[in-house]
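In the two assemblies presented below, chain A is common to both, partnered first by chain B and then by chain C.
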Partner chain A sequence: MTAEIGQAAIALSVLSALWAIGFLCAGLRLRSAKAVQSGRNAVVATFFLTCISTGALIYGFVTDDFSLRYVVEVSSAAQPLLYKIAALWGAMSGSLLLWLWLLTLAGAIVVWQHRNYTTDNLADYALVPIVVVQLFFIILVTGIPDGIYNPLAKLPGGQVAADGQGMNPLLQTPLMAFHPPTLYIGWIGMTVPFGFAMGALASGRIGSDWLFRSRRWMLFSWIILTIGITLGGNWAYRELGWGGYWAWDPVENASFMPWLLGTAYLHSVMIQEKRSMLKLWNLLLITLAFQFTLLGTFITRSGVISSVHSFAQSNVGWYFLGFIFATTAAAIGMMVYRRKRLKSANHLESLLSRESAFVLNNWLLVGLTLIILWGTLWPILSEAINGEKASVPEAFFNRVVIIPGLLLLFLTGAGPIISWKKLTPNNFRRMFVSPISIGVIAGALTWGFLAWRGNPMPIYSVLCSFAAVFVLAAISSEFYRGAKLRAKRQEASFFAGLTHLVMRNKRRYGGYIIHIGIVILYIGIMGSKGYFLLESEGLKLGDSMQVGTFNLTMKDWFQERHANYARAGVVFDIEKNGRPVGEMKPARHYYEKTGQGETDTIESAIQHFGANDLYIALGDLPPNIDNGGIVNVQVYHNPLINVVWVGVAVMVLGGIVAIAEKHQHESLSKREE
Partner chain B sequence: MKRKRVKIVAASALLLTAMAFLVIAGIQSTSVRHFTPAGLVAAAQSLNNQRVQVDGLILAGSSEWDAANFELTFAVRDRAGSESVNVLYANRLKPDNFVDGGSVFVEGRYDASQNLIVATKLMTKCASKYEEADSTTTESVTERGKK
Partner chain C sequence: MKIRTVFLTSLMLSAALTTVALSQESAESKLEELMTSVYCHCGCVKETIEVCVCNTAVGIEGNFRARLNAGETVEQIRADYLETYGPQFNALMPAEGINLVAYIAPGVILVLIGGVVIAVLQKMRKPKVAAESQAAPISDTAVKQIEADLEKYKQEK
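After this line comes the complex of A and B, so read on.
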């Protein structure tokens, strides 16, 4: 019965979305506050309706309703409750429903945020494109388009399955349970700024107002995406057994590209706010960022690059591509229509100025996005260009991103200290000379250290160390100078001055904290991507192997039963430089209820040694393990890998500080009224 | 003003060219051509010692796992024809879902004289409904494998 109610709610939400679009447009056109209010109400109603349908599906999962096709495919009776709920996004139909639910939530929040705005209708303009996107998802979720089914649909012929097939065991970890929804939230958050951009174009109010209203949405998205992408990398590291966290897989790229564009956007809006430049660029950038949140689904679902991933193919990818083309065309049409109002009030005055640094940052971020897109789509492009199918490996991305990546790193320090309009000799002497000198010393030390250790080709590491230390010096001098000034002015301690400084300029100093996080992240990437060790060996019980300074002895094996899986593994004694440092127990899990999916997963053992990790992945245990049977193990030593997670944590912290700064638009719009 | 404009345009053009160059050079040095087993066998001589990708099915009964030497050997059969290519995948864990007749994707250097691919990357795909299964599942680390 609940399923039918949920289905009815989906059907009704088609009507309420149409109602919202119709009444908002009519109300804005005819200047009828009543009609606009009715449209707003419909936006909220759509949210409640999708709450009902999403709730009905969750109810189906929790009560093990195996008459529902989707529940049968991704859940099973023995699945723990957390994963029964996470099964909501275990496959495509449910993921689309979750996406829709979050999108309608975002719409309702926009209505709520503007509940007291009666004369200012920018948000009402913005709601129209947001609801159009909702409608697209509602139509997909109804299951009417070919190649997709309604997540609340029953099994054919009123069957009831005895049990479900169970969620893919790889996804049954807490990290993976939260990874997809965080990505969705991040992507959906970008729909709102896009809505405001289109609303600004439609209403003709192309000042900075739409930026103020949507800036925090973008920052929120950025924080959540940062977390989501990292959860995915951390999950891959722990669960997949290949010792790494990033492989430039199309799926990873799909989540990373909107992040890069969002980062570019967060920077370029500052130029529009401060200097009234880049208006058109910001509109293009937010359109691009929004489209890339959809493009990921096209890339992973359409099957055009199926050779390198294993998502199920369906028409859904093509629906997304169609929607991307349609909305891009509409957005560009609007920009052409409003082209006269998009002229910049100012121009770049010098190639060496903060404006230029921002522009360069944007070019590099957008350039990186396009490079990654090119590599990701190369299987299609090569066929179109050379007539033969080809693809690029991880090495392509690693090689191509490194130089723009290092330039960007340098800019995270140079941007905040370079002067506006034009870099003066005075500015250079005061702000640049000492950070650069400290950076050069750090680079030289790194070079010496690596040469002494006998590592080959340390040039990128040297440049990375130089840039990293330069940025740290530049940013800390910003904090130091500001804090000292505040402390002096208020006759307080340095620390009080520092706190006051940050609290008074949360956005700016939050941003600087993010920059410090970026530096930390780079150092972690440099160490873990550049200097890891990998040893693969077949061992009998009692055998030892050597990895760097570690000695591992496989002394025992074990087997355990759990609720819906069995666990089997081995026990290693670990010695570092000849001294015992503990035990590690890599294992494999064997899941019983998995349909045709994987039946076993690698449960790597990971031990932290300061910032470094020792990582052991295990092959299958042979039946004759007690009688000299061989176990295959792969052992990684990943230097500085934990610095990666620390860097991201600092970035998120900085993001939280920055987002705490209140809207400026409240005071601004009051002034308007 | 004019001269500044020119400088800015020149700088942008330089940046664009540099990025395009990076991409083109990167593609040329790393792009790996994709074949079916039949296509690979047909063009075998011209592809000797080149990096290739092959997509096909695991030939039933062909796979052998030598745990002591950490070596997986098997043959990839064409989906449509009977041609097959041998594969050697060493020093990596045997991927999950590695079953006779299963779908497989291999990347590595091709030795025409032995009709053998020395694989650095091996991905298995099952006919699973589990759409969310990330591809990286059984993908071992391509370029990481420097021992």
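After this line comes the complex of A and C, so read on.
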């Protein structure tokens, strides 16, 4: 009965979304407040209807309702409760329902945020494209399009399965329980700024108002996407057994490209806010960022490119591609229609100015996005050209992104200290000379250190050290100068001055904290990607192997039974420089119900040594392990890998500080009008 | 005589040992070259034989080692592997042939976007004439004319 109610709710949400679009459009066109209000109510009603359908599916999982096709495919009776709930996004149909539910939640929040705006109708204009996107997802979830089925659909002929097939074992980890929803929230957060951009074009209010209304949405989605991408990287590190967190897999790229475009947008809107420039560019950028959130689904779900997510293939990717074309055409059409009103109000004074630095930053971020897209799509392109599908290795991406990546790092420090309008010689001397000098010294020291250790090709590490230290020095000097001035004015301590400085301008200094996080992240990437060690060996019980300064002895093996899997692994005694530092227990999990996945997973053992990790991944355990059977073992020493996670944490902290800035849009939009 | 014999024997022995060691090292480096140049076909996605920890990878490594010892070349073994499992298991994408386009394109993309950025920045710059006229000092005649106009305006008022 619950499933039927859920299905009815999905059907009704089609009507509700159509009602919302119709009444909002009619109300705005005919200036009817009643019709607009009815449209708003329909937006909220759509949210409640999707709550019912999503709730019905979760209920089906929790109560093991094996009459539902989706529950049978991604759950099983023995699956722990967390993974029964996480099974909601364990495959295509449920993922689409979750995406839809989050989209309708975003729509309802926009209505709630603007509940007191009776004469200002920008949000109502924005709601129309948001609900159009919702409608696209509702249609997919109904199961009417070929290749997708309704997540609340029953098994044919009223059958009830004895048990489910279980969720893909790779997804049965706490990290995977949270990684997909965070990505979806991040992507959906970008739908709202896109809605406001389209609303601004439709209403003709192309000032900065739409930017102020959508700023927090964009920042929020940027923060969540940062967390989501990192959770995915951490999951890959722990679960896939190859000792790394990023391999430029298509699905990683799909989540990273909207992040890059969102970052570009967060920078370029500042130019429009402060100087009334780049109006058209900002509209294009947010359109692009939104489209890339959909493109990710096309790439990962259409099956045109193989990925670690290739188990999730279906026709849905092609529907996404069609929707991308349709919405892009509509957005560009509206921009062309409003082109005369999109001209900049101000001019650029000099090519050496903060405005130019922002434009350069946008050039690099958009350029990087297109380069990554190029590499991701190259297998399809090469197949179209010569009939042979190329496989693009990680090394290709590392090679092509490194130079723009380093330039971006340099701009992370140069942007905040270069003056608006024009860089004067005085500004250069005061702001740039010291950070550049410190950066040069750091680069030289890195060169010396690497040469002393005999590491090959140190040039990128040297450049990275130079840029990283330059950025840290530049941003620290901004904090120091500001805090000192505040402390002097208020006759308070330096720390009080620093706190006051950040609290008075959270957006600016939150942004600087993010920049510091980025520097830390770069250092972590440089160490972990550039200087890791890998040793592979086949070991018998009692055998030892050496990795760098570590000695590992495989002393024992073990086996355990859990609710829905068996765990088997070995025990290593670890010594560092000849001194015992503990035990590590890499293992493999063997699942009985495997859904669409493999039967077993690699459960790597990871031990932290400060910023570095010792990492062990295990092959299958042979049945004769007690009698000299050989276990294939891979051991990595990953230097500075924990610095990567610290860098991301600092970035998120900076984002939280920046998002805490109060809304200024009411006063500013009034001033503008 | 005896010393000479011992010296020559030890020289030949060390030469032989060095040759064996070098050939072993060369075989190991060939094996590593092979293992890093193709992906495992076990079901993992894009893990080279060197990185993949499964038994399939162990089997492939054994097969590669045996074939290298039997005198086959790295190229032969690699070509056989790719013919059997498909070109999607090729972990190398040398910058040659059609793949050269893949390597060149990122630079072209950056240059093209850079060109657009420079064009946009130039367009966004303050028009030179306007900037110059703004900066040019007002002539004495113009000042006198403005003062006279102001005086006339006051009187009219």
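By our rule, the second predicted complex is superposed on the first by the 652 of 673 C-alpha atoms of A that agree within 3 Å, B and C clash if a C-alpha of one lies under 4 Å from a C-alpha of the other, contacts with A are read in each partner's own complex, and residues count from 1 in each chain.
One rule holds for everything that comes next: a contact is a pair of C-beta atoms (placed from the backbone, for glycine too) under 8 Å apart; a residue touches a chain by one contact, two chains touch by 3 or more.
Since the model is a prediction, treat every value here as computed from it, not as a measurement.
Applying the stated clash criterion after superposition on chain A shows that chain B and chain C collide. When both complexes are overlaid on chain A, the residue A:Gly241 reaches chain B and chain C alike. In the superposition on chain A, A:Met277 contacts chain C only, with no contact to chain B. Contacts of A:Ser344 after superposition on the shared chain: chain C is touched, whereas chain B is not.
Of the two partner chains placed by superposition, only chain B is touched by A:Glu535; chain C is not. Of the two partner chains, chain B is the only one that A:Gly90 touches; chain C does not reach it. With both structures placed on the common chain, the touch criterion links A:Ser544 to neither chain B nor chain C. Judged by the touch definition given at the top, the superposed model places A:Ile371 against both chain B and chain C. Of the two partner chains placed by superposition, chain B and chain C are both touched by A:Ile602. After overlaying the two complexes on the shared chain, residue contacts for A:Thr173 are found with neither chain B nor chain C. On chain A, the patch touched by chain B and the patch touched by chain C overlap at residues 240-243, 247, 249, 307-308, 310, 347-351, 360, 363, 367, 370-371, 374-375, 378-379, 382, 388-396, 399-400, 404, 534, 536, 538, 598, 602, 617-620, 632, 634. Within the complex, the chain A residues that touch chain C are 240-243, 247, 249, 277, 281, 306-308, 310, 344, 347-351, 355-356, 359-360, 362-363, 366-367, 370-371, 374-375, 378-379, 382, 385-386, 388-396, 399-401, 404, 534, 536, 538, 598, 602, 617-620, 632-634. Residue ranges on chain C touching chain A, taken from their complex, read 39, 43-47, 50-55, 57-58, 87-93, 98-99, 102-103, 105-106, 109-110, 113-114, 117, 120-121, 124-127. Remark: chain B residues 1, 4-5, 7-8, 11-12, 15-16, 19, 22-23, 26-27, 29-35, 53, 55, 67-70, 91-94, 96-97, 105, 107, 121, 123, 125-137, 139-147 touch chain A in the complex. The touching residues of chain A, when paired with chain B in their complex, are 73-74, 89-92, 95, 165, 167-168, 170-171, 180, 236, 240-244, 247, 249-252, 307-312, 347-351, 360, 363, 367, 370-371, 374-375, 378-379, 382, 388-396, 398-400, 403-404, 532, 534-538, 595-602, 617-620, 622, 629-632, 634.
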